[in-house]
Amino acid sequence: MAIDLSVPDDVQALVDRTRGFIRGHVVPLEDAHDGDIAAAGGDEFRVELQRAARDAGVFAPHAPVEYGGHGLGMSDRAPVFEEAGYSLFGPTALNIAAPDEGNVHMLAHIANPEQKQQYLAPLAHGDIRSAFAMTEPAPGAGSDPSALATRAVRAEGGWRINGSKWFITGADGAGFFIIMARTSGEPGERGGATMFLAPADTAGIRVGRHIDTLDRSMVGGHCEVFFEDLLVPESAVLGEVDRGFEYAQVRLGPARMTHVMRWLGAARRGHDVAVAQVAQREGFGSKLGDLGMIQKMVADNEIDIAATRALLTRACWELDRGEPAGNATSIAKTFAAEAIFRIVDRSMQMCGGLGVSGDLPLARLSREVRPFRIYDGPSEVHRWAIAKRTVGAAKRALRDSK
Amino acid sequence: MAIDLSVPDDVQALVDRTRGFIRGHVVPLEDAHDGDIAAAGGDEFRVELQRAARDAGVFAPHAPVEYGGHGLGMSDRAPVFEEAGYSLFGPTALNIAAPDEGNVHMLAHIANPEQKQQYLAPLAHGDIRSAFAMTEPAPGAGSDPSALATRAVRAEGGWRINGSKWFITGADGAGFFIIMARTSGEPGERGGATMFLAPADTAGIRVGRHIDTLDRSMVGGHCEVFFEDLLVPESAVLGEVDRGFEYAQVRLGPARMTHVMRWLGAARRGHDVAVAQVAQREGFGSKLGDLGMIQKMVADNEIDIAATRALLTRACWELDRGEPAGNATSIAKTFAAEAIFRIVDRSMQMCGGLGVSGDLPLARLSREVRPFRIYDGPSEVHRWAIAKRTVGAAKRALRDSK
Amino acid sequence: MAIDLSVPDDVQALVDRTRGFIRGHVVPLEDAHDGDIAAAGGDEFRVELQRAARDAGVFAPHAPVEYGGHGLGMSDRAPVFEEAGYSLFGPTALNIAAPDEGNVHMLAHIANPEQKQQYLAPLAHGDIRSAFAMTEPAPGAGSDPSALATRAVRAEGGWRINGSKWFITGADGAGFFIIMARTSGEPGERGGATMFLAPADTAGIRVGRHIDTLDRSMVGGHCEVFFEDLLVPESAVLGEVDRGFEYAQVRLGPARMTHVMRWLGAARRGHDVAVAQVAQREGFGSKLGDLGMIQKMVADNEIDIAATRALLTRACWELDRGEPAGNATSIAKTFAAEAIFRIVDRSMQMCGGLGVSGDLPLARLSREVRPFRIYDGPSEVHRWAIAKRTVGAAKRALRDSK
Amino acid sequence: MAIDLSVPDDVQALVDRTRGFIRGHVVPLEDAHDGDIAAAGGDEFRVELQRAARDAGVFAPHAPVEYGGHGLGMSDRAPVFEEAGYSLFGPTALNIAAPDEGNVHMLAHIANPEQKQQYLAPLAHGDIRSAFAMTEPAPGAGSDPSALATRAVRAEGGWRINGSKWFITGADGAGFFIIMARTSGEPGERGGATMFLAPADTAGIRVGRHIDTLDRSMVGGHCEVFFEDLLVPESAVLGEVDRGFEYAQVRLGPARMTHVMRWLGAARRGHDVAVAQVAQREGFGSKLGDLGMIQKMVADNEIDIAATRALLTRACWELDRGEPAGNATSIAKTFAAEAIFRIVDRSMQMCGGLGVSGDLPLARLSREVRPFRIYDGPSEVHRWAIAKRTVGAAKRALRDSK
């Protein structure tokens, strides 16, 4: 009846277990490899991490129960994913890293039983990884999805796909691809995209170079991917033909929010590290943490953390009710990506020279969080979308009042 | 069991009634008097406004049911007060303006039956107004309450109070005062304040000049008040002797949040006015609202509104559970005061020359909201308090780990 | 040969005299009337102020020597005007307030000898005031000058002018108007404006209401002005027909910079007032000015003052060399308007409740400086112009490299 | 007589040569090694770069003419160093990288003839590198130099030095060290530091690990250095005993400004790269560079570049006049470090996914410029120093007026 923000007991128990597992087991491994998951062993390392998570009872909190997960909704995921994100390797350990987490979510909603059997089941269990092939190099689909240039045309018994993608997270080593391709219309027009499923070893799929990005915690990197006369059967269509953009929204809203959850955990880690430093270091005749300019940074971090969480709570609640929540997720994502960056940046600043060194995890965290203001829609594109809704409503109101 | 952010139906009905009443009845009156409530008629005008609110079924949403109110908790007040704040005269109309609203809250919690009868009942009904006499000119109690210099000493049959206050909202015309005075300790020490109740016409209470502040929507202004050998009986003590600072917290946490609710309504008004302007005005070959730099301002306003509401939701929920919520209210107040200022400032900027003119309510709103970053604790003091908690906890953790 | 930032001795002497005159004579008068120049007596008060300035040897630093001024170039004006701006009434006292100061500048460059005799001479001497009638209500010329809708058409022996203006500073009581009217082309097209000179008592000029703006220090206010079949002779054309937009640039570049000079003085006043407060007030066991969060505000003010001055120096030097300096003046104006606002806002914040009261000049200063982010081109329009140049140059470079 | 900001012809010629050399020769080498100077070959690579700079006539613009340099003062260095900084390897090529450039400056001012012969001559010629050993790990001299803990005590024929340093730039491979050690007083007290000169191969000097920092463009890295019973003769004293803190100021003011010059060049590089991108890429139906939110970022970059240069001009002019310029350099450094960071950050944002990838130099630039807000005094320490001067002056004025 009334507003309730309490965390259910079973979720809280999972939060606590996750916290213990991440801080006790995963953070030390991250520190040992300076947050570079490829250096830590890539997929082999992932398998070990996930075994440990399963042993700790914290594996796959998001996956449907029938696929071995905990079946948590969005609101319940928030505190668990935040704890997982406290280590850069945490999401991989729990099998909730991008893009697999979002792909599990989307397949659970859209895939047919055969597709679920073939793709969702092994993905949810961590037997394989996956990739979501949507983003294209300019002038293709980047911030503006309507520019989609990869094409699928009908061919004998199915479809022939040609096109180039890039920034395809986890592509190197993925077990299968979800491919976004234009099935009608021209680049610049919205309508007419379709999603296809294809095992990674299908002829016509070529994974190119790893793009050398600021972040280094994603297994399989961010890669170029080429579809060269890739032939897929009719059964490869995910959902229905020409509804790809619509499905992308099913994936993107929740995926934005789980990104926020994980990165908020990373920001909190940075904050905790910095606060511990200023609580013990001396300077100018007092503890650094008792100096006004440092106190301002500490408080601004606390405010940014609280506001990010609060906006996330709202958006998750809307998603759990089955609303599209496009505005709430755009608002939460935009605020969070900028707040998280500020939190880590202030944390570095509080620690002085140490802050930009490898002796603390802050420099590493700063590299990881910066791209979030661009990934999953740059802040500018989200602001544009938010303003379009607001101004559009005002225009309609003006018309109606005439 | 799970998170729930839905507004109960009866509250929503009150929200809707309030919205209709404010926009239909109160906004036009505010516009007619440029938001200057003294010019509009002061207390006489207040009485008329409150009669109209009673007729509309929206009077005193916060007051206990036994005193004629709707008895709403903090969470339920939020959307109602926000609608009331949409007009600068709205809170007065609903009898939820500062300081009366906070005084009703505090008296309901702390006063004894006789005091409730004498003070709370007429206050809740709008028969009288009240003042909360805490703030003092330098070097007395301002941002730092421990500097409290007004003293009450035991006298024949009660207490004798001497001291100077200022920025006492609503003092001119108030029916009674709640007086914060030192009953033990010295200025600079925390302990030892007591609250006293006294009718305004008691000998020894003198209301001085109105301080000419940026804001003009408060009936009774912000005044200097002098206590000159004011004698009050033992029964004037509110609660217990020497627990004044503690009671102040009972008042201040919720009072901060209702300030946020009201001012958020004012900010939303500014935003709506500006969006309506840019949705219809042309420039540079398009509607202003379709230009990127304007879209950025619109979106940033939406984000600030959403984040303020979300932080408010959190703090109110904690207060409704009976938690002190000192950190949550400090965070929400600090963020909100700055966000509300930004929202109104951007709204002015979107409207160009019109924005700083009296032809729109924006300039007036900007004057009203600026002081909120100072009233109820300047942002710097709240940040200091937030950081003290965080750094203090880190210091304790370090000690414990040794 | 090398870079030199020293102030010539004679200019420094004028700076020092101005400083003494403003602080000794003008500031007390401003305080006595709360910065409201109409309340202080309007034009009569202006005449007295200017007599005192002449007696102090600081009158008309900008006017050509042959018209009784000091003949200072832009670089030399900067420190003198900044001292004048230290009081809101200072520019009026020295006869360097907008729009007269800019009109003197433009007439000295463009008017013919007869026009100089008729208009420039009495204006420079302070015998009359003037108005520059360019800005129009929507959908006319506001931020986008090409929307100019007031028209002048050839008529028997001259021109007939029709149109509406607003935000015409100083219109009420002005001795003459400089009128910007379209003589060819259509609204939305750049080309084809002409400037006309007309005595204020010419039939067909009607001054409407004062627009009630945040600022109150301009004699003659900001007014609506209507041209209703206003007939002017051929000799009323200022410069040449159809070159009005070009002349506007002659006026606007320097006028922007003198605005910056004056308002920088106002900001420095605010800063000085606040620093004096925090240097003496105590709180939290120390002088407020020794607390870190206050120190941050003090330092940020110093940085903003220094950066504003430094950008101004650059732009004035370019203007003195005869360069159009469009980019340098846009950059300096945009930065300065925002910096000056921040400085005054921080100064208020440092002073707490006092800061938003009439007991200090800060609230008044805050109202005065806010519109500067809109007057003389909103920040958004300047940013657009700056970016157009930069991106345009990059586009040309790309084309050339192909 | 009057203000002059023109660049002398011979300096402009050097600026032009430097620009040609950097863009034609150095930028391609930087790109080939992703800005990692160790990977590019470290000292061997440096020798080659410097040979090329000498051939191009741009070597050692700062060094005294008698030591083979161009003998430029601070004002003249500014545009040359900015061009050098356009490539991260540029300062090394011209022999003006930190700390050698600052050490040349200081030795030219303070060293005696024998010391100049032994240390300054080969350093100015690029035959050797140097290190400035001042910063210490907590609780030693970091942001607060008075905490200096390394001690030099008189010993047979000279001094015995013991202590630990870190973040000693260029230590690995340096030919000699300038060592800051306490010769009187206790940590926490200002007085009593002395500078000593010692060849790097002196027994008792041990270079420890490289600290893994965000930046990678410094030959010799940032190292730990240990002095373990290091014995130096009396002739090793630089200047006079106990005047080390004073000499440090001689070095630090100019060194801060040359840091700004170099990093401003790097920021301009980032800006140019981003503007070239948005001038050619399409999205949302137009060039990205014609969209308002991108235009805002472009304009803000231009404003930040202009303001940084303008503040630098002021500070350099003061330094060239022989003033200590402590306030002007603190202001310029603080503003510049934050502005440069913003410029590079916006440049990344404008380029979307490409911006955080190794395909453009932006991610690399972002890593390099972040530490500047900490190196050479964190922004907080400079703000504290600026505020101390301002508030201190106000306190004195209050005292004098009593």
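By written order: A, B, C and D. Residues from 1 in each chain.
Assume a contact is a pair of C-beta atoms (placed from the backbone, for glycine too) under 8 Å apart; a residue touches a chain by one contact, two chains touch by 3 or more.
As the structure is a computational prediction, the values presented were derived from the model and not from experiment.
Peer 1: Using the touch definition from the top, list the chains contacting both chain A and chain C.
Peer 2: For chain A paired with chain C, the chains in contact with each are B, D, in label order.
Peer 1: Comparing the two chain pairs, does A-B have more C-beta contacts than B-C, or is it the other way round?
Peer 2: Here the pair linked by more C-beta pairs in contact is A-B.
Peer 1: State, to the nearest whole Å, the distance from the C-alpha centre of chain A to the C-alpha centre of chain B.
Peer 2: Those two chain centres are 40 Å apart.
Peer 1: Among the residues of chain D, pick out those that touch two or more other chains and give their numbers.
Peer 2: 291-296, 380, 383-384
Peer 1: Going by the contact rule at the top, pick out the chain C residues touching chain D in the complex.
Peer 2: Touch list, chain C to chain D: 1-8, 73, 75-76, 275-276, 278-280, 287, 289-290, 292, 294-296, 298-300, 302-303, 306-307, 309-311, 313-314, 316-317, 320, 327-328, 331-332, 334-335, 380, 382-384, 386-388, 390-391, 394-395, 397-398.
Peer 1: Under the touch definition given earlier, write down the residues of chain A that touch chain C in their complex.
Peer 2: Listed in rising order, the residues are 291-296.
Peer 1: Along chain B, where are the residues that touch chain C in the complex?
Peer 2: 34, 135, 138-139, 142-144, 147, 166-167, 188, 211-215, 222, 281-285, 291, 293-294, 348-349, 352-353, 355-359, 363, 366-367, 370-371, 373-375, 378-380, 383-384
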